[in-house]
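So, here come the structures, one by one.
Common to both upcoming complexes is chain A, partnered first by chain B, then by chain C.
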Partner chain A sequence: MQELLDIVNEMREEAGKSTIEKLEPSMDLRDDLELDSLMLAELTVRLEDEFDIDIFEDGIIQTIGDILIKINGK
Partner chain B sequence: MKWIIVTGDSRGVGREIAYQILNETDFGVIGISRTSEESADELLVKYPDRFRALSYDLANVEGVKQLYRDKIHKIGPIYGLVNNSAMAYDDIISNLNIDELETMFQVNVFSAMHLSKYAIRDMILHKTQGSIVHISSISAHTGYKGLSMYAATKGAMEAFSKNTAREWGSKGIRSNCVVPGFMETSISSTLTDEQKKRIYQRTSLKKETGIASVASTVLFLLSDKAKSITGTVVHVDNGTI
Partner chain C sequence: MVNNMKQTFLVHNDIVYTYENLLDDLNNKEIYSTYIYVQDNNPYEIFLSIIHSLLYDYPIEILDGDFSEKEIDELGLNVGNVLMTSKITESSHFLHFDEVMQQIQAIEKWHLTLYTSGTTGRPKKVSHTFHSFTRNVKKHNKLENDVWAFAYNPTHMAGLQVFFQALLNQNTLIYIFGESLKNVPTLIKKYQVTNISATPTFYRNVLPYLQDDIYSIIKRVTFGGEKFDAALVVKLNSIFPNAKITNVYASTEAGSLFAARGDEFEIKAEYQQLIKTSAENELCIHYSLLGASLHEQQKNEWFHTGDLVEMVDQNHFKFLSRQSDMINVGGYKVNPFEVEDLLIQVPGVNDILVKSKKNSVTGELIVADVVKDSKIDGKELKIAIKKFAVAHLQEWKVPRIIKFVDELPCTRTGKKVRK
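After this line comes the complex of A and B, so read on.
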C-alpha cells in the first residue's frame, strides 16, 4: 500500500496537485485521486515493473481496492 | 546507455539505419528481424556492446508482448523505435487474397502498433522523451497499380503516427514518418526494369531514392535536432509528383 501511495503522490505532485495522506480501498482512481488516462498509464507501467502484473490487461479497474485485489491475487 | 529498436535491420534501409545509428550516435541498437544474416554478424563484431540482434517473425503479433518482456526490456531503457519491417503483397484488387492481406497487416500494422505500445510504456516507466519513426511509402501518397493493399498498410501507420504524437506529446514522446520513394531493395525486387524505369520517370530527380538519404533522415528525426518535430511526414522520394 505504501508503494502505491508513493507512486500516486509522485504523479499528483508532478501534475501540481496536493499529496494524499492515506489510501483507502474505496477510493476511485479517477474521481477521488484525479488520475487522468496518461497518469493511469504511468501507474500501470510502474506497478507492472514493481509487481510484474498488468492491472488493466483484462477488465476494468476503478478503485484502489481493485488494484490491491489484482496485486494480491496474482 | 539507451537503446533504439530497429525492425528489419538485417538488410536494405533497416541495415543502413542500424549502421548509421551505431556509427554516428552513442545509442545502442536492438535489431529485430526474421533472419540473422551476415550484416547482423558484421555489426555484432564491430559493436559488441551496442548491438543486439533478436530473431523474430513480426507476423506473430501475439508474441510481441513476450518479446518485449523477456528480451527487449532486459537489454535496457528504450529511447527510440524505428518501425521499418514490412512485407509487400502486391496484386490488383480483383485478385485480393485475404490470407496474404492479413499477414501483411500483421507485419506492417499490428506488430508495428504493438511495438509502439511497448516502446511507449518503456518510455513512460523511465521518463524518457523518446522518438518513434515509422517507415511509410510513397505509394500511400501517389497511386501505383498493384500497390493499393500495401499502400493501405502505410496509410494506416501514418494516421497512427499523427495520433500517437498528439496523445503522447505532453510526455515529450515524438512520432514521425519517413516516406521513401522507390529504392533498390528486396521489397521492390519483383518489379521489372521497365516498371522501375516508369516509376523513376515520375520523380523530379529521375532515379531511385538513395537508401543512405532515407536512413540519415530517420537518424535526424530520432535525434535532438528534431526535438520540435512531431506528428509529421518527411518525404525522401526524389520529388515524386
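After this line comes the complex of A and C, so read on.
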C-alpha cells in the first residue's frame, strides 16, 4: 500500500498537485482520485515498471482495492 | 423528410437544443467567422458554425479549441485573424429545418479545412468537400430515429463523420465526450441511445460503468482510430447484445474509407483501382480519394498512409502496424519531433528523446528520456518540463513519465533511436 501511495504521490507532485496522505481500498480511481484516461495510462506504466504487472491487461479496474488484488495476486 | 421541429438536435451538459433552437440560432446569427476556434470545443457552437457555413456556402477552417497561441502560430496562422469576426449583412429566414437541408444540397464553394499532425515540421492542411465528408454517410428512412452518443472531439475527422451522419438523417446527438464517464449509463438510458461511435480507449474507460447492465437498445457500435482490440469486442458484445459492431478506418486525409466486422477491412468494388500496397506492404490510397486540397496538388499520385497492412485476399486486408514515427495516444496522433522541439527550450534540458510507451489503457503514451544539466535538481526539472508542456501542448502530447539518462542512443547516421 505504501509503495502504491508513493507512486500516486510522485505522479501528483510531478503534475504540480498536492500529495495525499492515505489511500483506502474503497477509493475509486476516477471519481475519488480524479484520474482521467491519460493519468490511468500513466499509473499503469508506473506500476508495470515497479511491480512488473499490467493492471489493466485483462480486466476492469475501478478502485485502489482492485489494484492491490492484482499486485498481490500475481 | 418530415421532421418534427421539437426533436432534439443535441444534448450537452444537460442542455437540450432542439432542431427549432438550431433553426432560430441560424436565422438570428449576427456575426460569422471563416475559422472555428471555440473555447472548450463547445459542440453546439461548432455545429452551428458548420451548418451556417454550409447554408451560406462559404469555406470554413476548424481548429481545436484547446490549441495554445503557440500551436496556432505553428499552423502558420495568426491568432488575431483567427479570432476576427464579420457582421452578417444579408441573410434568409428559414421557416423549417427541411428548408435548411434543401439549401445545403445546392452548395458549390463550401469546403471544410482541418489540420493533421504532419510527420515533419508543420501540420498539414487538408480541405474536404461536402462529398468527401459524406461519402460513407448512410441516409435512409429507417435511420430517422437514430440517437447517437457522441464520444469524439468535435473538431476532428471522426467526430465530424458522426456529426454529418446525424445531421443528414436529422438525428439526435448526445454529447458524452468530456462528460464524466459515470454519467454515461444514465445518458444512454435517458435518451434511448441507439448508436455509439468512439475510440477503443473510450470504450475501455467507460466499461467499468456499463458492465453491470445490458443495453439492448443499442443497435450499432462503431470504433476506430486505434489498433483493433479483440478482447474489447468480446466485452462490448456482452454489454450490447443487439449491436452490430463495426471497426472503421478513417483518416484526416481521406475521411472514412473502410469498414470491418472484425479486423479484416473490406475494399469496396468502386475503390479497387484506387487502393494498392507498396512493395513494403504499406497501404497506398489514390489522391482522388483524398480531401480536395490534396488531390488537386497531386493528381495521379499515390498517398502513402504509413500503415503497414497484410492483404488477406483481393478485397480484404488487415492492419499490421504503423511505419511512421507518429505515436497514437488513445486515438490522437502525436508527432514526437514537435514535442522535442518545444521541450528542449526548458532551462536545464540538454537533450530530449520523446517516445512511446505501450499500455492497455490508451494503447500508447508519451514518455521522455532527458539528458539534464547536472546543476539542476531532478525533481524540480520534471515539474518544470511538465508545466511547460501543459502550457503549450494539447494534453495527450504531454510526456507523462520523464527519465533522466546520461546520453541518448543514436544510430550510425546520428539519428536518435526512438524505440
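The criterion applied here is as follows: the second predicted complex is superposed on the first by the 74 of 74 C-alpha atoms of A that agree within 3 Å, B and C clash if a C-alpha of one lies under 4 Å from a C-alpha of the other, contacts with A are read in each partner's own complex, and residues count from 1 in each chain.
Simple rule for what comes next: a residue touches a chain if its C-beta (ideal position, glycine included) is under 8 Å from a C-beta of that chain, and two chains touch if they have at least 3 such contacts.
Note that this is a predicted model, so its numbers are computed, not measured.
With chain A as the common reference, chain B cannot sit beside chain C without a clash. By the touch criterion defined above, A:Gly16 reaches chain C but does not reach chain B. The larger set of touched chain A residues comes from C, when the choice is between chain B and chain C. With both structures placed on the common chain, the touch criterion links A:Leu40 to chain C but leaves chain B unconnected. Contacts of A:Asp31 after superposition on the shared chain: chain C is touched, whereas chain B is not.
Of the two partner chains placed around the shared chain by superposition, chain C is the only one that A:Asp58 touches, whereas chain B remains out of contact.
Remark: of the candidate stretches 116-124, 206-214, 242-250 or 260-268 in chain C, the one overlapping chain B after superposition on chain A is 116-124. In the superposition on chain A, the residues of chain A contacting both chain B and chain C are 38, 41-42, 44-46, 48. On the chain A side of its complex with chain B, the touching residues are 38, 41-42, 44-46, 48-49. Residues 181-182, 201-202, 204-205, 207-208, 211, 231, 329-330, 357, 359-362, 365, 367, 379, 382-383, 386-387, 395-396, 398, 400-402 of chain C are the ones that touch chain A when the two sit in their complex. On chain B, the positions that touch chain A within their shared complex are 121-122, 124-125, 168, 170-171. Chain A meets chain C in the complex at residues 13-16, 30-31, 37-42, 44-46, 48, 54, 56-58, 60-62.
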